[in-house]
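Across the two complexes that follow, chain A remains constant while its partner is chain B and subsequently chain C.
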Partner chain A sequence: MFLLACPHCGPRSVDEFKYQGEVTRRPPERPTLRELTDYVYFRDNVAGVQREWWYHGTGCGLWFVAERDTRTNEVLRTEIPEPSRGRTPAPVEAAVPDTPAV
Partner chain B sequence: MKDIFRVSRMWRPRGELKKRYDVVVIGGGSHGLATAYYLAKNHGVKDVAVLEKSYIGSGASGRNTTIIRSNYRTPEGAAFYSRSVKLYEQLSADLDFNLMFSQHGHLTLAHSERAMVTMQERAEVNQLLGIDSRVVYPEEIARLCPQINLGPRQTWPIQGALYHAPGGIIRHDAVVWGLARGADRAGVEIHPYTEVTGIERTSGRATAVETNRGRVEADVVVSAVAGWSTLVCGLAGVRLPITTHILQAFVTEPVKPFLDVIIVSAQMHVYVSQTDRGEFLIGAEIEPYTTYKSIGTFPFLEYSARHTLELFPQLERLRVLRTWTGLCDLSPDYSPILGRTEVENFHVSAGWGTYGFKAAPIVGTTLAKLVATGETPDLIAPFALERFHTDELVSELAAAAVSH
Partner chain C sequence: MRIAPQPGERIDRRKPFTFEYDGAKITGFEGDTIGSALYAAGRRVFSRSFKYHRPRGLLCCSGDCPNCMMTVDGVPNVRLCVEPVRDGAVVRAQNVLGSLERDLLSVVDRLGGPFTPVGFYYRTMIRPRRLWPVYERFLRNVAGLGRVGGADGHARRYDTEHRRAEVLVIGGGGAGRQAAAAAAAEGRQVVLVDERGGVTAGGPYEVLAPARALGIYEGGLVPVDAGDVLYRFRAERIVVATGAIEQPLVFPGNDLVGVMLPNGVRRLASEWSIKPGEHAAIVSVDDNGLEVAEDLRRAGTEVARVVDLRAERPVHLAAVGRRGRLSRLVVDGEAVDCDLLVMSGGRQPAYSLLAQSGARVEYDPQRGIFVPTDLPPGVEAVGSAAGELGPAAVPAASFDGGRNRGRSFVCVCEDVTEKDLKRALAEGFDSIELAKRYTTVTMGPCQGRLCHVSSIRLLARETETDEAAIGTTTARPPWSPVELGLLAGRHYEAAKRTPLHFRHVEAGATMMWTGQWRRPFDYGDSEAEVRAVHESLGVIDVSTLGKILVEGPDAPELLERLYPNRFADLAAGRIRYGVLTTDGGRIMDDGTIARLGDELYYVTTTSTGSESVCEWFEWWNAVWGYDVEIVNVTGALAAVNLAGPRAREALAGLTDADVSNDAFRYLDAKEISVAGIPCLGLRIGFVGELGYELHCPASAGEHLWDALVALGAVPFGLEPQRVLRLEKAHIIVGQDTDSESNLLSAGMPWIVKLEKEDFVGKWAVEHLQERGVRERLVGFTMDVLPPEGAQVVRDGRPVGRVTSARVSERVGRVIGLAWVGPDRAEEGAAISIRVDGADHPATVTLTPFYDPQGELLRS
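Presenting the complex of A and B:
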């Protein structure tokens, strides 16, 4: 267990939040099947600092990005991401049991 | 007679690493050791080294909840695990080592009409493949497991269950030790505390591994490292569709034999069995976030104890003896990733999530065949890594999402 600082509500127990997967890069406009499946299924799954999406499910409902060291679960920072120019990085479906991936 | 009390080494102490092996297996757990064992036994490939970064069986093989079953949802999965159960049934005799496999039956409870439909589907898939598996209703559950609380005051009333008579529990450490001894006797070298730090490739082909004890050349490299798969396969330049999560379990203090069947509830995210030592062994669900930090959480203990008491209120005075966690490599479709990768002669056993232990002998036989003959056995063809590139998934969510 660890604390996560919601940019809106402040530090709360991780159980209040839903993990929504590592931050990924959108595929090109007209992706090949390979580019699309790379985006949908394949993950960096780093042992180290990871940028990831969280959703404050039982709190304010905010989607935000955290930087967390997956080796220690130390949260280095949390932020509301700037909308990127042209295209908004859409959150990824997490491969967790209560959200069937297929 | 006095020999039965004599302590003897089960396998040779590690020697010097050779400069070259026919096959290098990364990971000294049940999958890696089974692959090495069957390579030597079935194919006569004996120039094999098993490299393990810690002690033998220190990862998921020593941390699982020891359940063996084959009542899966997809025909591919059910056929595969069914062969594994059959191999497990003979493994004690094969290894000349008592693995204490007891097939006392396995009940997956259904608490809703939708769950009953899923159980019916699973029963039908299983029966078509000749697997002993059927839907039972509360009267029969009461006969199979009189200890369970069937009401009237339940949070989630039990409507029925999938009953799988060949399901059972096994002594998990014994599986690892038996396979290690069998492999060692056949000539395989076992190298604990040998961490792989790099994998060399020459023109798209794995040729050598770099370890903390020096460089080793190999014709074939096999990765069987569960939670660390992304990292080890990354060394070979193979990207995986895997996320690493922790799974937790705990045991209570030992009591007299009380429960023989295994009880699983997907609704309550809990599975309960009593070990041969008398401890109640209770496991739950993975933590939803990815992490490599193997440390337990208090909410896990709280909710799994609460849910266990819903099923077995008699256990209310039992104390928790110990808890532990292990790393799980979750794949997007809850099926394993097994066999070839895009790097030639670099094979993988990964994506086992929370259900890898029950597959050890079948992974060993099929991977050994792949390594020895270069042909992918039909049984594991549906589980190739390639399926994620071509989007042909084998969804086992219905039968594997509860981690046992």
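Presenting the complex of A and C:
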């Protein structure tokens, strides 16, 4: 068990959050089937620092991004990501992976 | 056969307890275990071994080995040596055909020996293939230990409790108690967990005993088995004081009844004041084994021979027995008569929990043991578990028996012999992990306590390497056997009740679970309820629907990008059906979206989908950064669906609003007052008849319901609703769709607006369009009722499956939905559906079974 700092609420027990997988890049334009498959199904699964989505489900309901070392669960930082609204990709396109079974 | 009180006696002879063992009454005293009481009553055979059905007696008396496992009060595999005596307990032997003394299955040992080497059935029982059912029946009968349930099965309640401790001490031996006392003296909140219950409570720290720590998981999570309760401990500091485990020696006859480990003998003689035997011999690599001689002499047992393996190096060593019982020890040709043999192969730190927590395990060649090192933060080891043990010689991996050729057991749990391990090696299973999987050594009830080191030592000798190179197997939870019931204990999940719950209960509804919700299955007569909706008026509680408000300047754009169809052009006061998909194209959820204003939408979801849809909306909103507020109002509102030909007339009687077909059209959303309650009225029709969904504050739900029922609306439950929606071929997401279903295969291409610039799932649909779909969801009619999940077959092979099927009175046939190959997705196509082994014809239909044009909905 470890603590996660919600950008709104500060450090809280990880039990309050829902983990939603590593941050992936949603293709800015229509992808080929291979690119689509890659984006929807493949993950880097790094042993090291990973950027990932968290949801403060039993708290304030904020979606944010954390940088966590997957080997030690050390959370290096948490932040509200820059939105990427249009079709033109922002420098860091904060895109989302497919959800697990809902 | 009790002797005079011994110095360390732990029994209270004034307090007798009587229990039943295989029909006989046995008496023990307080402080006795069932095992010690049986031993005192002269019983020596406590079990039959797993494979060969060899008689086995007490070995460790410490709860480590499998030798005394019996069924107590219907609970199988109870270790009698640590199970306290209690009045009225019913104790039965297990894994025997006949009795422990005469087990008919022991024929395996006498005849089967040459035919049952390791891996025998992997290789032999695969052919001829048609005999497999016979093999399987046999194997299922002999596999496993003990029986669960049955006539003398037990019903118990198990609970799970979450607890915290500043310091959790595992093990109540000297080192554990000392660590607990020290931490308590520093003002820490300490909990000590002890397997045996020998620690007295009431001190400066809490004692849980008898209780077993099952493992150490990430983040200091320690599940503790306390019988009926599983404690999930989170501890800041974990002190492991699990001690050391006495190791056996490997020599022919080392499993005979009468061969014991030092502590077992010590406990019998000194704690329970029982004479362990008449004539004893000792073979030991350390002082621990030799010191038992003193206990034995006090108990009146003659110590006939002591072999100190540090001084003597016998070439041949064997135990010889009659009928499975020890009769003499033979050392280099010299025989000593004895009925008790104490063997000591040194003590191995019980490091498993430490290894699970992340510690490394290192071999100490001087002492021949594995010692834990590099403990992770927050975990400590004290006492013998940390390797604080006296000097010992490293025993030989095994002893040759010379002329005495009995079996040398490495693992008494699984009956794995030295020969089996050598054979596994010869067949190429030369790493410890492979040899373990092939022979099942260390995989029995003792979980390697008595065989782990022996098997590594043997492998090292045979492969001419050393123990460090062989390494250990991965330590995994559970460290102690645990009842499955305990792991399945109650977790107190919340049940959700709708605001109308008690109206349903009062009306005699049969309640059922749908996800976390409790909903009426029906009110006693599903068919009559279906008829009421078709012919007159019905009302159903749909408060379980997810209800989400989406509001803000960017609300239209957010919904445009979340749904495959258009919502920006939806006029205020109008409703549209929507399906959510993922970027992989999978159907996630469906519902209706009503536009209540320029910047305000009211979204409904499936009953189980409200939370996940809300999260989904918020997630994409965070990604794109739209100016939108998303509020889940599911619990704040009650909702009912009033449906049937009389729906308009009934509604008109309760409101001043104009509900004529021109003023309140199909797919209109209107705020109206019904029976004095402010409602959001949605004219939609899941069940296919003229209908209105009325959403109102939860607190007013019962009032609205009562008003509708007073007008003659017949309450209908989920089952009639399922029949009605099936007549309309309306899908239920999750019932008719699965993780492979997409908009094209589910027959909803009309909902996809590919001209939109972007929406979640668009690319998947585009690719599907190019590649074609593998399956299609279609309706079918037939004359027998197939179970849901029934197979659609062609030429005897499955090509699809039924997801929903019901008898429809209105259609006059069985109707249903099924997944079929795309070539069968044609109006009138013939398919076969297998019901009870026979194939029945069915006809595909692509339009709703009832009112295909939706005229009733619009009327």
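FYI, the second predicted complex is superposed on the first by the 82 of 102 C-alpha atoms of A that agree within 3 Å, B and C clash if a C-alpha of one lies under 4 Å from a C-alpha of the other, contacts with A are read in each partner's own complex, and residues count from 1 in each chain.
Note that a residue touches a chain if its C-beta (ideal position, glycine included) is under 8 Å from a C-beta of that chain, and two chains touch if they have at least 3 such contacts.
Just so it is clear, the structure is predicted and the values come from calculations on it, not from any experiment.
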For this session: Considering only touches as defined above, state whether A:W53 meets chain B (first), chain C (second), both or neither.
Result: second
For this session: State whether A:L76 touches chain B only (first), chain C only (second), both chains, or neither.
Result: neither
Exercise. Is A:K18 in contact with chain B, with chain C, with both, or with neither (first, second, both, neither)?
Worked result: both
For this session: Based on the superposed arrangement, let me know which partner A:L33 touches: chain B (first), chain C (second), both, or neither?
Result: both
Problem set entry | Which superposed partner A:M1 touches (first chain B, second chain C, both, neither) | both
For this session: Identify the partner contact of A:C9: answer first if only chain B is touched, second if only chain C is, both if each is, neither if none is.
Result: neither
Exercise. Just chain B (first), just chain C (second), both, or neither: which does A:Y41 touch?
Worked result: both
Exercise. Given the touch rule stated above, what does A:W63 touch, chain B (first), chain C (second), both, or neither?
Worked result: second
Exercise. For chain A, what residues appear in both contact lists, the one with chain B and the one with chain C?
Worked result: 1, 18, 33, 36, 40-41, 73, 94-96, 98, 101-102
Exercise. Contact residues on chain C for chain A in the complex?
Worked result: 218-221, 234, 582-584, 586, 588-589, 609, 612, 615-616, 618-626, 739, 757-758, 763-764, 766-767, 771
Exercise. Which of the residues in chain A end up touching chain B in this complex?
Worked result: 1, 14-15, 18-19, 21-22, 33-34, 36-38, 40-47, 50, 52, 70-73, 94-98, 100-102
For this session: Sort out for me which residues of chain A touch chain C in the complex.
Result: 1-2, 18, 20, 26-27, 30-31, 33, 36, 39-41, 53, 55, 57, 61-64, 73, 80-85, 87, 94-96, 98-99, 101-102
Seminar exercise, completed: chain B residues touching chain A in their complex are 230-231, 239-244, 285-286, 288-293, 297-299, 330-333, 388-391, 393, 395, 397, 401-402
